[in-house]
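These are the structures in question, set out in turn.
Two complexes come next, and they have one chain in common, chain A, joined by chain B in the first and chain C in the second.
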Partner chain A sequence: MNSPVQSGRTDAPEARVSLRSLLVRPEFTAIAGTIAVFAFFAIFTGDAGFLSMAMTRNYLEVAATIGIIAAPITLLLVAGEFDLSVGATVAAGEIVMSYLIVYAGWPVAPAFLATVIVAIGIGALNGYLVVKTKLPSFIITLATLFIIRGAVQGILRMLNGNSVIDGVRSAAGEDPLVWLFSGMVGPFSVSLIWWIVITGLAAWVLESTVFGNRIFATGGNQAAAVRTGIQVDRLKIMLYIAVAASAVLVAAINIFTINQGNANSAVGREFEVVTAAVIGGALLTGGYGSPIGTFFGALLFGMVDQGFFFTPLPDVWFLTFLGFMLLIAVVINNYTRNAALKPRGSSQ
Partner chain B sequence: MLQTNRNRRLPLIAGVMAIAAGLSGLWSPAQAEEARKPLKIMMISHSPASDTYFVDVIKGLEQAGKDLGVEVQYRGTDANLNDPNQQRRNIEAAIAAGPDGLIISNPTPTSLNEVITKATGAGIPVVLFNQGGESVKEVHALTFVGDDPAIQGRIAGEQYNGLGSKHVLVITTPTGALPFVDARVNGLKEAFSGKVSLAEVPLNNINDANRIKTITETQLQKDPSIDAVFSVGSCCIAPMLEARNNSGDKGKSMRWGTIDLTTAAVDGLKSKNLDFDLHAQQYAQGYYPVVVLSLYLRQGIVPATDAFITGPAVITPENIDRLMSLQQQ
Partner chain C sequence: MSTNIPIIEARNVSKEFAGIAALQEVSLKVSAGEVLCLLGDNGAGKSTLIKILSGVHAPSSGEILLDGKPAAFREPRDARNAGIATVHQYGGTVPLMSISRNFFLGAEIVKGRWPLRRLDLQTMNRIALEQIQSLGVRRVTDSSRPVGTLSGGQRQALAICRATYFGARLLILDEPTSALGVREATTVLKLVAEVRSRGIGVILITHNAHHAMSIGDHFVVLGHGKVVASFSRGEKSAAEVVGLMAGGVELQALELELEQFKPKAVS
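Here is the complex of A and B:
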């Protein structure tokens, strides 16, 4: 594959190097894919309303509720672990927070903090079980997914005999903190700010801190990481806690935006966030990934989700449509990454 | 007709059609009739399009579109029955798309009334359907087309009273999981003079016929005094009839009824394995709103009632053949 290129053209090595350095960035294909998807919807459905400000806000909202969780999930994937329980944790967060606000009459701040504490417990439990049992985190967190989802449904049924808690925003009344979760910043929902800030934080941690280096080391070669003195177990538990905490933030955004806490909320979110991370260049095997790439993965997901509305395709084909979009994105991703990584790997 | 339309199209649109060639069968033929500028009406619901109940609603919607020369489009939620966040975004998307009329289900008024009011405020006439009839005035909708689950339950209870049953087992979702299902069960409890037991199917297993059958058979084993079984909806009809077959002579001596007219229910009625079926006639929930909206938009006719109730009709082995012969025409 590379022999004719290398032997033939010696006159343009610089151009090739710069192209390669662009391709080698894990976020490259996610950005290219996002631009392609945006162009697709803008050209074919722009007139129908896709380009309107309300719809831009909407797909950013969808993307934010995926991206806020997908950022810490990316760190976890880089460290070599999964968390399938995030959707259930969102539901748990919604119900705990809604219950404290609507039935216990708590103000927003203590209700949010109490819910974060519950999430820290869930994250710590996930992390502890994964590092202690040494079983695949896929299985452990699949189990906690069922446990949490079932417990949320069961407990809420005991509490109010229903699967939803209505009137959360109404109960919170004039509490200024509500704005933090469902307010508007210019034409956009405040969730966009959270998403950008958390992505920036995750990117900074991963790329520019010692902790980030340790995450790479843990996912790249765990045995070597342990030998160099990295406390791998502690690191993983911390990442699980970060993921669960981000789920609570999404829960808060959901309940204040739609005025309702729902025990069946965010079903399937665990796959959406992993998909966003993978489109963004993360490897499911660990050791490689980019929160910036994940940001664009989530953005792409949001655009596809909202853009479909304006296509003339009947609704039943949405999942097929989504599936093809994702398949195309990851195949291109994989191809460019393989092409880009080979020469880079040999130079190290 | 298609040929002349294609000639008028811009090259760009032709490009789209070419890209979509593989999917050509999926594009609604109504899209090709731009020249006539038909009314465009969108239905925004809380249900995935693949839901067995809503499949009939969508059929009604599409037939009404054909009959009345209206371009119709259905948009539900992706996977989750009742995702108010997604439904809200879909309603906002619909407002942005600027249709001539909207048909909206309203299962959670506290969450959705605000955005539905935004639609009517933007000058788009709205008909509520399926759920949320109590919000018609608040959101300034024209009317509501749907049914009342409590009435369905009461009629079921009366049917069992008439059949002389003493103890009904209701196959249903866990109490509290789906409010409209609870309303059906409560209606039955209210009207039925005997004892009511529940076979509760977890929401996760609502499409798992084998699990539903097992749960039903376990309850029948546990309590031999049960002499009638009721399926609360389309989910549980086929598994319920399986349970009847497996119960042998005992099964034949019992009474069996359901809500929703699925293929399994039709077969059950024809073979007299099913004693009655409460047909919600949800096809009309897709059809009537298009009639109401097109009359409003073309003739200025405002409905004088807050609620068009579409069902249920009681279907029995005696009248099933007439219904089927009509639907085949």
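Here is the complex of A and C:
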């Protein structure tokens, strides 16, 4: 398909490009996996209730609270960094917002804005510590996970001797903004809309904007990115802030849905969102990932989480099942990516 | 070649790090359409000199002249703005990103108004492909494919192409052939010849005396931070140059390499 070229410049012919470019898409595995898992549960547990509307609503709700955070986490992973503190940040958001609504009597709008400001602070702190210390973000955010989670529990203990703040819904009264977080859109919870919108936004930013191009470069080859004048530190701090902001959105959804702010909320969420992102094709080493893939990773997580209930296995086996799913997805992702990126030069 | 004012000239440049002299009284100059080969063993001071020319370090004494006028680069950006582009080993590319995204990294083409401003990937793909093919790398036919699928020589080509497109008048190529096989190295040397024919000045840093001899117009050999020799094309043989570089230590190994490397098509 190529015209002959002079002398020693050689490459293998560029056959199979279109198939390759399909397989190299990071979201390929997650979409295929979601279809497979849906088919599995539909065939084997469809009669038991997996296909019911209530069930669909349930797994979409679980998937949304993971996916809303997993979308910005994907951008952060592509930029080459990690955030383990998101679960603790959800709890911090729940307690701050519940406190302002229940104890301080604030309306929903200022309470939410104040909580977002707290999130910006947490995100900026995470980001600042990561770029200034140049230590692995895994360790930095593990530390902030403990600090934030402990502080939330400790402060609430001092405040009311408890680990929850109850009665958020009644304190908020008829505030119309409550609908934004726990309303229903048709048969589904409004969190589904947030999830779709945030995924779309993250995908657009990453794939189609200058900022996204620089996210890819920062995670793909930081030294080269710095040399072209990209301000990688600022970029990373902005992404940490976006991640923390998404965590307080989930916090707001939780407190109005469950009617309670909980200092022990979202324990382990940090691993759930990374699981969704990695099933969705993101590389932990940076430079590669897809918010669309992550969307399906979160959807798959939600389906397995809820659908497992209908299988004959006791639900304690859920994690084992999930672990195998993750393992299979990562191996397939790794294989397809390597195959697609193999240099086609024959001269080395 | 050209006899006009050099694009860049170093006059008696010295650099000390914590009292230790890395460079002593080094002078060199490069004019438009010339290839200056900078040779020397590891630790001879090549990297320090390059960092001074590209604005990473300031010289301790001596001066840098840009188009005949004293230049003070405070940071690499100053040198870049003056048209001095450094291409690092492996081209400094991002393997998982497409050719065109790499090409325009840091200077992306956009369309639309904020907040809907977005990358103009079509235009970026088209220009990147035109540019890279115009430098003779015609095997690359799809600039939306990842740079990771390119060979080492093609990545160098991409980086060189990118630098010239964005207005480089002087290219500093840091060991562009050292990680490459013989054929790939030939590709890169041809590319250097092509760039030179467009009137761009080139400083080519290399360990490989034969690569240098095949393309260079002028040669500067550094040893222990000083200029050991400075001469023009045809004044010394490859064997002499190798002797200057390393006191003949590497001679045998190099002769072996010279055996297999025949510069056929270098202009």
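The rule we apply is simple: the second predicted complex is superposed on the first by the 325 of 348 C-alpha atoms of A that agree within 3 Å, B and C clash if a C-alpha of one lies under 4 Å from a C-alpha of the other, contacts with A are read in each partner's own complex, and residues count from 1 in each chain.
The definition used in the following text is that contacts are C-beta pairs under 8 Å (C-beta built on N, C-alpha and C of every residue); 3 or more make two chains touch, one makes a residue touch a chain.
Worth saying up front: this structure is predicted, and the values here are computed from it rather than measured.
Once the two complexes are laid over each other on the shared chain, residue contacts for A:Ser163 go to chain B alone; chain C is not touched. By the document's definition of touching, neither partner reaches A:Leu113: not chain B, not chain C. In the superposition on chain A, contact of A:Ala32 is made with neither chain B nor chain C.
After overlaying the two complexes on the shared chain, residue contacts for A:Leu142 are found with neither chain B nor chain C.
Of the two partner chains, neither chain B nor chain C is touched by A:Val330.
Of all residues in chain A, those touching chain B in their complex are 43-44, 48-49, 52, 54-55, 58, 61-62, 153, 156-157, 160-164, 166-167, 170, 254, 257-260, 262, 264-265, 267-268, 305-306, 309-310, 312-319. Residues 76-77, 88, 92-97, 101, 104-108, 110, 117-119, 121, 136-139, 141-142, 145-146, 148-154, 181, 183-184, 186-187, 264-265 of chain C are the ones touching chain A in the complex. Put simply, chain B touches chain A in their complex at residues 12, 16, 23, 26-28, 31, 48-50, 73-76, 78-80, 82-85, 88-90, 92-98, 108, 110-111, 174-179, 203. On the side of chain A, the complex with chain C involves touching residues 2-3, 5-11, 14, 17, 21, 24, 204, 208-210, 212-214, 216-217, 220-221, 223-225, 227-230, 283, 287-288, 340-345, 347-348.
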